[in-house]
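Chain nomenclature is as follows: A, B and C, assigned in order of appearance, with residue numbering initiated at 1 for each chain independently.
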Amino acid sequence: MLRADYILKLLEKNERIDGRKLDEFRKIEIERNIIEKAEGSARVRIGKTDVIAGIKMEIETPFPDTPNEGVLKTHAEFAPIAHPDFLPGPPSEDATELARVVDRGIRESNSIELEKLCILEGQKVWGVFIDIHIINHDGNLIDASSLAALLALMNTKIPKYENDKIVRGEYVAKLPISHYPINVTVSKIMNKYLVDLNREEEDVVDAWLSIAVREDNYLCSMQKGGKGLNIKDVDEMIDLAIKKSKELRKLL
Amino acid sequence: MGKIKGIELLKNGKRLDGRMPLEMREIEMKVGVIPNANGSAMVRFGKTIAVAAVYGPRLLLPKHLQENDRAVVQCRYNMAPFSTDERVKPGPTRREIEISKVIRQAVEPVLFLENYPKTTIDIFIEILQADGSTRVTSINATSLALADAGVPMKDLVVALSGGKINGTLILDLNGLEDNNSEADMPVAFTANKKEITLLQMDGELTKEEIKKLLKEIFTAGEKIYQMQIKALKDRYSE
Amino acid sequence: MTKQNNGVREIAYPGQILGSSKEYLASHGTYIDEQGNIVSKYLGILSISGNYISVIPLSGVYVPKPGDHIIGIVTEVEKVGWVVDINSPWLAFLSLSEGVDEFVDLKRVLLNRYYDEGDVIYAQVLSAKKGDIQLSMKGPSFKKLKGGVLVKVTPSKVPRVIGKEGSMINLIKEKTRTIIRVGQNGLVWISGEKVDKAIMTIKRIDEKSHVYGLTEEITKMLSE
């Protein structure tokens, strides 16, 4: 409780506990292709937050309404290793929300050219499985996970498919990617707008808005959390997200 | 569940169900539909029917979930198996878990919870029929059910979806539009203060389009607000 | 703030602005917003009396306050007191020292000799903090209620059941030749001759508290 008061007190002076500016991300470290068994993978560290995204390609039946498109599925797990509050068991509400927000950013921006992933119309298509694994949780899981997912997709290769079987370890092409959504979560605390909250700051957040921004500045998904926002908040938060997305895009 | 591209949803300026772009479907609201609950309401937007029941404040168990200085709000959004064309398998899906969370957060800001330590306010929502915009329909029903339950509230919560089809901004998406729109954006806000308590968006919108859509949602939301007030008062007409 | 003429009292809804705090005083069931407006917290009956604006909720659970006179049902006999259901989200506790005046030798005496499971008691709320509710039986009117029937009404409507200075409840008692105890927690205990009629009347008040002319209607009902 005292810690929370301290965070708020500093914030009155536009200061943060780790010395950052309100609109400043922590140091972002990126590793690509870290899991050999996966068709694509990436690890993103934002400060002490540590996330791995792995991509597995599997043969799937297409959805009836899109018989010639590949399918995309995203799953997130808050492994008990990552935080004392994470308990074993089925995905929590927060993990489910995380997976769905990451999924929507990729899906709604039409990032993956799913129509190029058809093997046999109506029967066989490639399934792209994004699995988010939280290794250490120190806040801002949505941005870290979205970035890891996009980076992993960008180095995903499509395996060879022969005689009704996937030949693991042999690849025929790169996964076709045409759009690059960057997710930026802008948070509001005491009428100030911040990006990249750490875990302690998240405890005192009033409201947040996660926004996926495409390279053409179209906004492709939004998710609000916490308390209420007014129109002016939404306006400023979108502006800040667009600005920060340009910075983060340079990391791709 | 990919989107069918290039479907014509707008013909001669009208939507396939005959509505103008900014026109809402027929809306119906009824308060006090479940006698067993502390509060309840049914809200219908066109063919989408949501029923919300509020139980509590009541003691929250197990104990470790309790808060010592306020009530906890729990919410479950559930689709009835017969509510859609294809049967919905019973049991919570990821979509339902997420929607439950955002609905809870859409109403929590208006509740005075501090009078009820160690208790829970349970919100149960059943979608009896789904034809798009189910979460905003649910939020309107929840707002009414909470008021009916006598839970102290700062304000009522109004909800409405907006979106874009064939380059045109629209309100109150039906199922077909929901599945094939260029964007959909469900919004909930406190009726008086216009505080946005739910904001989600899927699709492709520019910042200007988002602002325009929010404005239209606020304007049309006034009509929904008046309907909520009438439904609450009708509960106690003679 | 005009009263409606259709026979129903004016109903306020949550978030409704009822007046300015510069002109009126905010009373029960309202709050003052950042602009100084008095705003309703409930769906309830709007009441303006003198300078006070209040809203009497039409529904809701009972939240105990110290000093409340309540009716409870003993649900458990423990080693040093009794657990009591008081028609509220929380269970209440009646300790031995607040429940019994005489010295009790716990080695020799079982507490169910004083109050047993299922007993109905008329008691006072001693304290209510963070969901910890303590009761007391100290005072001449607090006692075990023997026999009789319990009826539930909406806790916020208890004042309507009692009426101004007890006018309503006295009328019912007299006309139905009954003894009635009304707990502020919404439990009403009735014993005597025309218990059924008393129950019917009280239920009627609970359902129709928002209608004008209730007193006349009840008077008529009781004379039939």
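One rule holds in what follows: contacts are C-beta pairs under 8 Å (C-beta built on N, C-alpha and C of every residue); 3 or more make two chains touch, one makes a residue touch a chain.
Small disclaimer: the values here were computed from a predicted structure and weren't measured.
*Asks:* Expressed in steps between touching chains, what is the minimal separation of subunit B and subunit C?
*Replies:* Minimum step count, subunit B to subunit C: 1.
*Asks:* Kindly work out which chain lies most centrally, taking the average of its C-alpha atoms as its position.
*Replies:* B
*Asks:* Among all chains, whose Cα centre is located farthest from the one for subunit B?
*Replies:* C
*Asks:* Whole-Å distance, subunit B centre to subunit C centre, using C-alpha means?
*Replies:* From the centre of subunit B to the centre of subunit C is 35 Å.
*Asks:* Approximately how many whole Å separate the CA-defined centres of subunit A and subunit B?
*Replies:* Roughly 26 Å separates the two chain centres.
*Asks:* Could you please state the distance in Å, as a whole number, between where the Cα atoms of subunit A are centred and where those of subunit C are centred?
*Replies:* That gives a centre separation of 53 Å.
*Asks:* Could you tell me which residues belong to subunit B and also touch two or more other chains?
*Replies:* Residue numbers touching two or more other chains: 190, 193.
*Asks:* Over in the complex, which subunit B residues touch subunit C? Could you list them?
*Replies:* 38-39, 56-59, 68-69, 110, 112, 115-119, 147-156, 190-193, 228-229, 232-233, 235-238
*Asks:* Please name which positions on subunit A make contact with subunit B in the complex.
*Replies:* 63, 65-66, 69, 71, 91, 93-94, 96-97, 99-100, 104, 107-109, 114, 209, 214, 217-231, 233-235, 238-239, 242
*Asks:* Along subunit C, where are the residues that touch subunit B in the complex?
*Replies:* 6-8, 11, 13-17, 29, 31, 33, 39, 41-44, 57-61, 63, 89-91, 130-131, 156, 210-211
*Asks:* Using the touch rule from the top, collect the residues of subunit B that touch subunit A in their complex.
*Replies:* Touching subunit A: residues 1-4, 94-95, 97-98, 100-102, 105, 108-109, 179, 185, 189-190, 193-207, 210-211, 214 of subunit B.
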